[in-house]
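Chain nomenclature is as follows: A, B, C and D, assigned in order of appearance, with residue numbering initiated at 1 for each chain independently.
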């Protein structure tokens, strides 16, 4: 009964099958193989544009390497207070950028607003050379609170960035879940809305990225095994089918909890994360029943403790029902 | 009528005299000269202990180099939200430490409290390897709000640091002013209260500092000209006499402003800085009269705009009176 | 007919099988899973000691992260001129250490000598604070010239390091090949010979490594998939069986080439690399016949061009014979 | 009798006079004062162009900050083996650039050649993403061997740099001495010969420099005291008069030594440095007589030990004669 994180789930069988298929014969190393080429073509199709893609092994590396191409050592990245780059990457952006700063903004739901960005930049300009120079904004889709930026919200942030000369970076941590929730094409919440990177939509920005990846130890010599997984993930909409399942189970779990009279949701369920406030006794009952999840930080104005549950592509109807039954017993 | 910053004031005649005296004959470079030796002896006397001192050219360099010896790249420094290292050094601590983070704490008067430090460390420990590791606390004496930590307050912070395994760094930006205000020996608010560095009181911590200074371009080949100034500054209590003058004039200016019925002080005047709220019309009148000062950030709960005035060793009675006259005319 | 690099070879079937087996059910993320635990136990057995192991995705990351725990930003690493960390990692050690220097030593066969290390340290000490401080030595086993350090050679370097206060790092790029060549236990060319890291044999040195790994983006959330591969690699001596095969084929290829009267080996074949000088016409014939390999840098005192061939666990008798036939036709 | 380094000499009386003159009244801090403005105007006149100048406290800072604006962390700087940035700055360029590499070239007289630069770039391009990217060349004028690049030699290096897309940096350590030796205008060995920085001749390259200076702790709040010295140094050709004196005394000392039959010069004397080979007995006699100088690294093909002598603006005829007398006694 594991709702702690989708990182605990096994890989889809399609991914393993792709690895097995890729393991035949000699192919060039460092990304010059046909599978990596095929992946690049597939990404162009999914995003309906020519983009530049350099696979890396972790999300932390993807975020920090992209930010390092956008921001100079004396620069700054504007982001939400609870953003993963600020709270859960042990200073990776500071490391990769050579000591740039993150300027964090308060938010009630994980989303930041153009007006907040404008205020930060105005303050920094007042400070002149004594202050770091804001050079990028980073948003997470879906956010760390499981909420989803709409295309319009992203376009508004992007317009502010253009006006102020900032690059826009998106941490696509739950990108497929957001896409399924919105029911729109990938391009609509990416480059068409003005995002410069998850992948590099503005290809001139990719300069230097390859050497940064190499010197950070993120260029795999046996790249085919990385590309094969991503290729299979995008093939036949596996990524969207997986996201649809986890969103669906999150919706069911959220609705079931909301129906209990001592539980309430502190954020709308839009992706695969559920944040719910509930009595300590309910939490204890769930843990005793073998359920795994994280106790979360307190929410202002909410008395009861808050927990976070995450669903995965492998979450079953039975698991959701068992969890709800445990919660409803107290 | 310049109350913008004591950085605008000329140097004491004694400092210039010392430079002229130092400019005789050939002496060894890079700090192996007799004037630097004399300065070191004098510092030992002032602080009543054997310490290690390596002069550098700016306060930013002193702060950042000291923090870099205390904190690893994956570490963090705990400090007040308005601390100079966080707001006015363009990311110097992040640069010198190789990307460590500053964790900033809210404060009403520029001072931080042991309980706040404990909370930050507890949160970081919960996060494990995903979070940066707090390794130092930095306090400013006198603070950026012109207030002065008492020996007891520093000792309490120091005790918390020892318990939690943190180094304690003091930015001695207005150290002499604080000393004059408290009327105690320098050692009482430095190593006796548990501070590890402005100067290195725990000499084992100085390891690596000299090479860091060199590679940061802060080792002067003609060091005698740096040391001569510091030596003259400490000789015959020049530093304390200068601080006594600027504190005295700050006290007069603060008292004079507080006596006006449309002005009030937002912080007690304990060193050489005065923070006062006043109507925009008074501010305009001062500026038209040729007075220089900074408009400050808004203070919560105070409607009127706030300005900062700084006095120097060269501030005269006449200047204070002229300023007060301008302020009282509206 | 691919002798360009063993990076082009497919993975052993055992490795794929292990991945498939690992892909069952939910397990904790970030290395808290039972497969990672099993891998750690197996490493302790192979090296006959309690050690600390933190898997990462690439050799570049392993080298640079280890060096960053040994060397401060103002430090230096002593290594051979042709070492991979110096020539083929795009400055990864400089990046991870925060700007430490590599001091490179000339060598005829990829091996460095205690006397060279002593000379470098003496020179650096003369230079005082103006020079970087040597803090570690890095050797590669088997070397970039395919030669193998004996246990005695490593012990001599290690003794020099201890005397001079340097850490000893080993880039284990072809560690299994070296082991098979020497026919000794792994511990004999690792901690028993005085090496501090590939894996951390001196466990006190591992401090900070985990946070460095995390902030460099090298902590995999789904760690079981990394550990499962390494675990399978060590199980039932797969790593040694694979190395025995590639060494064997390298020996055959080397002997075959040496028997041709217009080809000669410029280094003894001790691992899975062959360096041979031959007329340009032979090289052209090989390339026309579809053979892949690298043209190498010129060797002093050798007129003919030099090529490098690498064998893998998957290299077959037929491939070696076909290659030799192409070479002997001119 | 101090010929160890011109860093041991006192400052010219004109410099002290300028400091005393500057110490009057309040002026804006951080370089917004009239003396800094006057210095900028004077630099434009000396170099016959509009340039950007940001004073810093040491040569190491000037070199490292300039290189950091030219070279990315994954880049490289090409320079002579004996260049000060490589041997005597404790890794400052690596620190300020975020871990770029120095690629050093052998030279017989401190000068590097276009053909050497071309070879380095060709090799790096072959290596692709695995190698650091050469982005700048750094030359020293006069060189570390006391020799002087002619305008033509600099122009040839500059042309190579333009072709290859590299920036050209000049460490102007003994710039005035070189100028006096050549008898040409400053512009002829600076921007007219194609140099991008000592000062920034290509003003678009200065972007970011000010923030880098600030965060490195090299922006002086009381900038007038820095500018006043530089301003006096350039006024009435003081810098050239000082250089003429030290060159003149170096010439006398060199000629006097060359006339001794057991001494010979290993480099021509073109600036204020003399490198001479002599028997150990002569060196001992000089030291016993109270002369200070550095014993230098051995020169290939020269059996006798080599020493370096440096003259300063304050070196007198009597000092040179006394030194020569000591040397001729053995």
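Just so we're on the same page, contacts are C-beta pairs under 8 Å (C-beta built on N, C-alpha and C of every residue); 3 or more make two chains touch, one makes a residue touch a chain.
These numbers were taken from a predicted model, which means no experiment stands behind them.
Contact tally for A-D versus B-D: the pair with more C-beta pairs in contact is B-D.
Chain centres were defined as the mean of their Cα atoms; on that basis the chain farthest from subunit C turns out to be B.
Distance between chain centres (mean CA atoms), subunit A to subunit B: 41 Å.
Inter-chain spacing, taken between the CA centroids of subunit B and subunit D, is 35 Å. Computed from the mean C-alpha positions, the centre of subunit A lies at a distance of 50 Å from the centre of subunit D. Residue numbers of subunit C whose C-beta contacts span two or more other chains: 30, 73-74, 89-91, 95, 98-99, 129-130, 132, 211, 214-215, 219. Those residues of subunit D lying in contact with subunit C across their complex are 73-74, 76, 87-91, 94-95, 97-101, 127, 129-132. Here subunit C touches subunit A in the complex through residues 2, 4-5, 7-11, 13, 16, 19-20, 23-30, 56-62, 64-65, 89-92, 95, 211, 214-222, 225, 314, going by the rule given at the top. Chain contact summary for the complex, subunit B toward subunit C: residues 30, 72-74, 98-99, 129-130, 132-133, 208, 210-215, 219.
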